[in-house]
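Once you scroll down, you'll see the structures, which are given as structure tokens.
Below, chain A partners chain B and then partners chain C, in two separate complexes.
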Partner chain A sequence: MSAQEPDATGWTGHARRWLLKRLPPDKLLPDDQPSYVASWIYVFGMGAIASLVYIVASGLVLSLNGPAWYHVSALGRFVNSTHLWSVELFFLTMVVHLWGKYWMAAWRGGRALTWMTGVIAFLASIGAAFTGYLLQTNLDSQWIAFEAKDALNAVGVGAWFNVADLGQIFTWHIVLLPLAVGAVVALHVVLVRMHGVVPPIDAAETDAQLSGAHGTVLPPAAAGPQESDEALPVPVGSATS
Partner chain B sequence: MSAPMGSRRGSDLASRPWAGRTRRYDLFKELAVGTAVVGALVLVLSFAFGSPDDRAITLQSWAQAAPADFIATSTAELGGTSDSATYGPPYNHTKDATQTFGPIDLQSFSGVRLPVDAARDFVIGPLSTTPSARAAVAAWSSADAAQRSSWAAAYAAALAKAPSGDPARVAAGSYGPVPALTASLLGMAKSGALDGAIRNERGSTSLDATRTTLFLGDGAYFNDLASRLHLSGDQWGVMNETGNYPGQAWLWLFSLWYQVPLIGNAANADVLVIGIVGVLSLLLLLVPFIPGLRTLPRWIPLHRLVWRDYYSKRAPR
Partner chain C sequence: MLGSILSAADPVSAGTFLTWGPISISIGNFVVIVTMLVVFAAALVLPFIPDGSDDERPGA
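Coming up: the complex of A and B.
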């Protein structure tokens, strides 16, 4: 379907035309990337998403069995462990991704909303993890509830967000905050696909200035596992005008 | 001229689709490989290290492990001198108990939405459900507030002077029904009945442990246990967890401020820390619009490591 559909009518047609213009299929599901996308730092965003898959899967198993299950079942304890370690990996990869994007100044070229949705996803994830620690129904959760109540009460939210009320915290942890994190992460990924990967700071218009680039294909760059080791022989310098 | 470091969409290179060379890339393959690698890591870590699960403390385990502390805390609840009894909103109306920032008093905005009357909810109410303390409860209930305070204060002082705070070695004095009330409550707690009695105050199917948690926190036993496990606020608090686990390491910036004496010892420490973390979070969110912060990546060129391949192939200017 063309992004320039002349016969797109009505709200639905206009919405489809707008979406296809902003995010055509080859941008949404790309099979190539700019040649400068060649570093292990690019792996960590995907690592965070992969960790999120395991967080949701293990969390579903835990919540469907109730908060007491993992205390009395060996399988429950193991599922709880996978939930914990996928959360730890999620934050590790997300923080490396965040710092990487900061030092790459990845907000350049109209990508501010991409940066901001990433930060919001990070902050919402902290809230989601915090409520998870409150749901452990053990000494840790008991103590965290006792400690954390003072900060929440001091700013006036403890009356509605009561850390010692298991029912409330369950709703926050398995419904509200996962929905928030999932929605913001989805928007973040869509924005990344719409805008493409930010080019190097002070990059030139094309690869024409690169040594060995004139009329030949460069040897493959040192790449992370997400890139193919095969460079495409696109015309170099064709977009300089 | 250097390319702009701001986020505004313009005519610069970062705003336009890349016109240079591309590399083959497979999004779904990367997702599949990434998911497999992370899955393997999760399994290895889970098998190798498991997860912490220290049993929760109950009023029963507290009473059995530290009866003197339990009696002293119950006396403080009766006398209205415990942390819970004097907390202020959202639990009760204690005057000047809130944390403020200048004239701003956010803690009072909610009013008393989770009411806690420590003497009634933690001691007298539960004892009213058992016949063994009927006479002591009646004596307490028929006394006026000043008399109750006087009894409780006298008994608290006597307990503090007794060897190891042992109620059996307290000197004789005018304590009214307080020793009988606290001894009955201890018996009730040791039997396990007190946990259920307090939780049932919010309904038999309640999942709300606010009152039990507050009562536990008023005693020394729970706090001492947390300190031994390196969980208290001056030991980086809630970012730690029991055992040798990473805990909520991402809360380090929050816990950090409590370790700064000027902030951690302030009467309004929680307000200050939440305010500081809130401002820092806002700065992080708005980095693309803040001159200086958004230019730092050019001044400290770590990006040259990320794109070292690209820069190394550039012809000298």
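Coming up: the complex of A and C.
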């Protein structure tokens, strides 16, 4: 199935051709990565995703068993605690990922939408974490709710986002915000695959790490033309891969 | 009455705060921020895990 298939008709055919052109399977699931990815600063995005997977999995277990289980039983309290600590790890890795991408100006090379989806994922995650704190149903969560109440009213969303309404906050926390975070993170990852992993700033112009020029030693798998094109700051869709 | 209020409040302690002039931060938040800074700096300077595929491609 080629991106150039001439017999693609109808909206499904056009959509398939558009998707194959923007995200061919070898870009979506590549066999190798550029050599510059072999750095610790490039692991934190995947660290955040791994944390998110555990957050969602443990959240499903908590929601299926209910508060009477996770507030009382030993196993429930343990799973509840790991849910909290995986959120701590999620934010830690996401913030380090954010710092790394900020200082390498990761919006270069037509990656502005990738950057913005990361921003939205961060903001949605803050909302999800906030509603999680409200669900502790203790004095701490009540204190947090009424500290935030005035701020939410001040920005005019208090009527739709009522921190004192436990049922509403439960829906935000276990349905709406997880769906939002999951969808935005999925889009973020797809955009990373479409445009390639952003190269370090000093590799952006000559791309020595990718092309193997200037005597740079790199594994043969990382020197392919696909990564070389992806790493250059070119407009979306102009890569020749 | 007062006893029940105090017992309800017992699981939530006031916490310890560090204060520098107008800046006030809890120990917990301070530890997390310092940890992130240390991890970020370490990620920039520590060498990455050697690529195992180098062993299969002598001279690569």
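What we mean here is this: the second predicted complex is superposed on the first by the 201 of 241 C-alpha atoms of A that agree within 3 Å, B and C clash if a C-alpha of one lies under 4 Å from a C-alpha of the other, contacts with A are read in each partner's own complex, and residues count from 1 in each chain.
Here is the rule we go by: a residue touches a chain if its C-beta (ideal position, glycine included) is under 8 Å from a C-beta of that chain, and two chains touch if they have at least 3 such contacts.
Not measured: the values here are computed from a predicted model.
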Quick one: chain B or chain C, who's touching more of chain A?
B
On the A-aligned overlay, A:Val198 touches which partner chain: chain B = first, chain C = second, or both, or neither?
first
Going by the contact rule set out at the top, does A:Gly182 touch chain B (first), chain C (second), both, or neither?
neither
Once the structures are superposed on A, label A:Gly127 by its partner contacts, choosing first (chain B), second (chain C), both or neither.
neither
With both complexes superposed on chain A, which partner does A:Asn162 reach: first (chain B), second (chain C), both or neither?
first
First (chain B), second (chain C), both or neither: which does A:Val96 touch?
second
For A:Ile41, select first, second, both or neither according to whether it touches chain B, chain C, the two together, or no partner.
both
For A:Gly76, using the defined touch cut-off, is the partner it touches chain B, chain C, both, or neither? Pick first, second, both or neither.
neither
Chain B versus chain C as contact partner of A:Asn153, first or second or both or neither
first
Report, in rising order, the residues of chain A that make contact with chain B in one complex and with chain C in the other.
38-39, 41, 43, 88, 95, 100, 138-140, 143, 217, 220-221
Can you tell me which positions in chain B touch chain A when the two form their complex?
2-10, 12-28, 30-31, 33-35, 37-39, 41-43, 45-46, 49-57, 87, 89-90, 98-99, 106-111, 113-114, 207-210, 213-214, 216-217, 222, 225-226, 229, 231-233, 237-238, 241-242, 245-246, 248-251, 268, 270-271, 273-274, 281, 284-289, 294, 297-298, 300-303, 305-311, 313-315
Per the touch rule above, chain A residues touching chain B in the complex are 29-39, 41, 43, 46-47, 49-51, 53-54, 70-71, 77-78, 80-86, 88-89, 91, 95, 100, 102-105, 107-112, 115-116, 119-120, 123, 126, 129-130, 133, 136-151, 153-160, 162, 164-167, 170, 196, 198-207, 209-213, 217-218, 220-223, 225-228, 230-234, 236, 238-240
Contact footprint of chain C on chain A as seen in their complex:
38-41, 43-44, 88, 92, 95-96, 99-100, 138-140, 143, 217, 219-221
Residues of chain C touching chain A in the complex
8-9, 11-12, 32, 35-36, 39-40, 42-44, 46, 48-49, 51, 53-54, 57, 60
